[in-house]
Amino acid sequence: MEAAVARETDRPGSEAMPTNRADRAPVLLVECEDRSGLVHAITGVLLRHGANVVGNQEFVDPGARRFFMRTEFVGVGDPGAVGREVASLLPPGAKVRLTRPEPKRIVVLATREHHCLADLLVRHSFGEMNARIAGVASNHEALAPFVRRFDVPFAHFPTDGMSREEHESRVADWIDSLAPDYVVLAKYMRVLGPAFVARYPSRILNIHHSFLPAFAGARPYHQAFARGVKVIGATAHFVTDELDAGPIIVQQVVPVDHTRSAEALARAGRDVEQFALAQALRLVLEDRVFLCGNRTVIFD
Amino acid sequence: MEAAVARETDRPGSEAMPTNRADRAPVLLVECEDRSGLVHAITGVLLRHGANVVGNQEFVDPGARRFFMRTEFVGVGDPGAVGREVASLLPPGAKVRLTRPEPKRIVVLATREHHCLADLLVRHSFGEMNARIAGVASNHEALAPFVRRFDVPFAHFPTDGMSREEHESRVADWIDSLAPDYVVLAKYMRVLGPAFVARYPSRILNIHHSFLPAFAGARPYHQAFARGVKVIGATAHFVTDELDAGPIIVQQVVPVDHTRSAEALARAGRDVEQFALAQALRLVLEDRVFLCGNRTVIFD
Amino acid sequence: MEAAVARETDRPGSEAMPTNRADRAPVLLVECEDRSGLVHAITGVLLRHGANVVGNQEFVDPGARRFFMRTEFVGVGDPGAVGREVASLLPPGAKVRLTRPEPKRIVVLATREHHCLADLLVRHSFGEMNARIAGVASNHEALAPFVRRFDVPFAHFPTDGMSREEHESRVADWIDSLAPDYVVLAKYMRVLGPAFVARYPSRILNIHHSFLPAFAGARPYHQAFARGVKVIGATAHFVTDELDAGPIIVQQVVPVDHTRSAEALARAGRDVEQFALAQALRLVLEDRVFLCGNRTVIFD
Amino acid sequence: MEAAVARETDRPGSEAMPTNRADRAPVLLVECEDRSGLVHAITGVLLRHGANVVGNQEFVDPGARRFFMRTEFVGVGDPGAVGREVASLLPPGAKVRLTRPEPKRIVVLATREHHCLADLLVRHSFGEMNARIAGVASNHEALAPFVRRFDVPFAHFPTDGMSREEHESRVADWIDSLAPDYVVLAKYMRVLGPAFVARYPSRILNIHHSFLPAFAGARPYHQAFARGVKVIGATAHFVTDELDAGPIIVQQVVPVDHTRSAEALARAGRDVEQFALAQALRLVLEDRVFLCGNRTVIFD
């Protein structure tokens, strides 16, 4: 009876999918110098192991002469054997990885702005990310009550009377105690020093509130206003030694016009910041991002 | 000393604006049959009252021959007098409103999906919306713990063994007890009956997970997949008697390709659903949306 | 001396590439029922023939259980042998094609609007399309002088006192005399009958001036205006028996607001119509489009 | 009879509007220091002259404290009198203009790339622009035959053995002989010297093939490739003394991924270059663009 009523009036909106994808298929990630026959050799290994390939993408960067391949497969009892066998067939220097089935671990650094952090906490609390947020840290306390609503540990690292090196060293010790795979800068408004960056090579993601390389550095929305641009944007990228110059993962833009003040640009940009960071993080956590020099190869 | 250190390393990201805009300027909203001299007459009233106009937009719909105007002004002791005087100069049937300075009140209805609701709760908890969320109701209990994290009342209205009319009547009584300005359907997956809709004319906002009028009704992402479209989208609109046919406020789209299953389309669509609803709600709460027949006139 | 001067002041804008790509690599196109080992088998053939694969993409449609693959390769004396050998390894019913190196042939039908047609003529005259335009026909004479500027034959097929069948039969005879690979409807404002459509299965491309399936049929911009949408668009698709319901190749959209009349929507839509058609035609002419039921699989 | 047949089968696509809009309404353009009562004063003049206002937009730049207004009106015998009367009421230094009803005149400079130029020639030949193209000049002869197809004069100004100043002086003499309102650089690949720029203040439009201020200067697509951006774009702007730093009119972007070489980026960017330039030119030719320092105020 109840079901009948429900069927009559319910919008069958149950297109929503189970968001916590616990049983991830193993993913084989290959990266090496390009040469003939790589796809044939790798698919041969998968075939011999009886793998059922559910997704496969490959790319050759012609300039770098490098080969990249990402293969999701099921039906193999010992995926590790696939990885070892593939590695044995590849040129020297090849990188072969098999992803773990369990979620990755991340820590998030923020300052005072909440929107990117809040978006990650919401996705996390509904199991939408292939990751556990092991903790959130900030150089301010403003976000502490909000983070705690989500039962995620919050750490406050004030900068008072401290050198940058000392501050970063404390933050890094905290990070290391949590053993994350990635460090996510969700509008962390401090420039990181080289020692900190070197500690997490290609493992720090940042969201910069401009369309890089335009408006690197401080106050990009004010720069954008002054330049009179008609589009603003956000860039999610890996952090390297050079400020705002690391490999770009996702960029998103939004059109604007002369009626927007610098503050209104900042407001308009928040949604794309949040979206770009979330999307970049998803790509990274699903092992879809390869590095090729300072460029990214992304299999989505 | 400390400041010096901070200055050295801090990214001056303080572009973030105070998000709780308590001291909103009064807004004069005028809507009437078009005729010559309206702008001159209305600006004359504002001028005589010594108003400092900080934003002004007008539009004439040539087909409907209707005039719309939205004016933000400051510096007037008795804004109500401006409204009354303007009204006295306009053609019969004119609508003149002056917005209240205090935040509006909304209630939110949801079912099981969290993303649109969560986005509103986050914006609300940081004072980003010109509104108080007076309560959240759902035909399921799944979202209760999440809503309560935000100290917002949650009401559960199961549909068990109840006719649609009876269910809606209970929900409406709850709504009325909270006296909201608007009812927001944040992925509320039930089709509303005519009595319910009639109770809140032009006061119910819905987010539909397609680019209307394409894929109205049930399971739009499955419809979109079957049709093989290359773009999907979301539509925020006012609810009227006809399903998914009310005046459109915001539409957003995202490109897709053949690799996306219906479930992947649904996943990709969630972000635009959430942004379209938030943006539409912002426009409505800031009194930027007029109705002209089944079309909206939006001053943003 | 001259070179020195040029170097000093020239913007090195010579990023422009040679647009007439005469020496296209052969492309192997495979489509069959999915089963294990297809990629391994096909790459094995390519490897044995010493092919240098310069681009490779594959896709399995999980619902249809169909496998699609597109491989560009060089360095093989007899590409046809590759195709035959691949075919011999595939399941029954497989389709294997090797593209011709020479440009394809197209004819274009138009009515009175010039923009889509002009765009194709310009691209054609600079060798940007992998095709020769064998002729342009119209049910009106308005575009004749323009077409002739480009040294492309123009045929006028008036509809006066003629049944649709008779008219279409004359047009089809003309088309057949030119032996095109594809028939391109560049804002051809007549609904084609089933006999005509059946004569060119999956070989007629149309540009429809709406975001299908919204606003199929006549006067889509007027429909869009009446519905009050906030985005308009254009859809390039293959023509099938059902009006505006064939497989979609490209869709593009442009945001609009309440200030646009139906005529202004039409004007704003022309650019996306033209770009969507040009892009769809490029994809088809470069053999990047597969059909999977009423959906397209596109390797770009 | 014929009409009946046509009605049966014709898609009523006659949404196409008459493109040659000869009878343009006069447009009043006002720009001055902001102060109270400007809109009231100006609309008062229009009202006294019995003007029927068909479009009106105003904007105050709060930083610059400048007022901008654009009013289309009909029904006034002597529009010039409106302009003079408005001017008499405004603060000192105000600029008041009334547009001419006749089309403006432009000249176009190009180098070897055809797409932006071709787009303008096509629009011109169908009367879609509010302008006459008085002539096209290039430092190369490659485009001459194409331009002549459109019955537009072509001038070749080789740079051989000439200093930049001498070359530009010859080009400028030719331009001046044609007395254009605007000079349009349609992928003109030479950096213009200060004397040339100073001769046409705020009257030279350029299309730059990047999303400025990113990738100013030479070979922006190669810069974009090297930086690994995920979006490319084009910027139409006024030319000033500083290279690629003038006021921006239109910017458009297109998403890209790692599979695109620098050449492929250039190819993908051509459509947005062409579209951005055409749109910027339309805005300028319809007197919709004001300058406010190095920013543009655009009433569209």
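The first chain written gets the first letter, and so on, giving A, B, C and D; residue counts start at 1 in each chain.
Here, a residue touches a chain if its C-beta (ideal position, glycine included) is under 8 Å from a C-beta of that chain, and two chains touch if they have at least 3 such contacts.
Because the structure is predicted, anything quoted here is derived from the model rather than measured.
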Candidate from A-D, B-D or B-C with the same interface as A-C, over half of contact pairs in common: B-D
Chain copies touching (chain A, chain D) - same or different residues, decided at half shared: same
Longest centre-to-centre distance from chain B, chain (CA-based): C
CA centroid of chain A to CA centroid of chain D, Å: 41
Whole-Å gap separating chain A and chain B, where each centre is the average of the chain's CA atoms: 31
Junction residues of chain D, two or more chains touched: 255
Overall pattern in which the protein chains touch one another (line/ring/star/complete/other): complete
Residue ranges of chain D in contact with chain A within the complex: 59, 61-63, 211-215, 226-231, 233, 247-253, 255, 257-259, 261, 292, 294-298
Residue numbers on chain D that touch chain C, as the complex places them: 1-2, 5-6, 8-17, 111-115, 118-119, 122, 125-126, 146, 149-150, 159-164, 167, 187, 189-191, 209, 217-222, 262-263, 266-267, 271, 275, 278
Chain D residues touching chain B - in the complex, by the definition given at the top: 36-37, 39-40, 43-44, 46-47, 52-53, 56, 58, 255
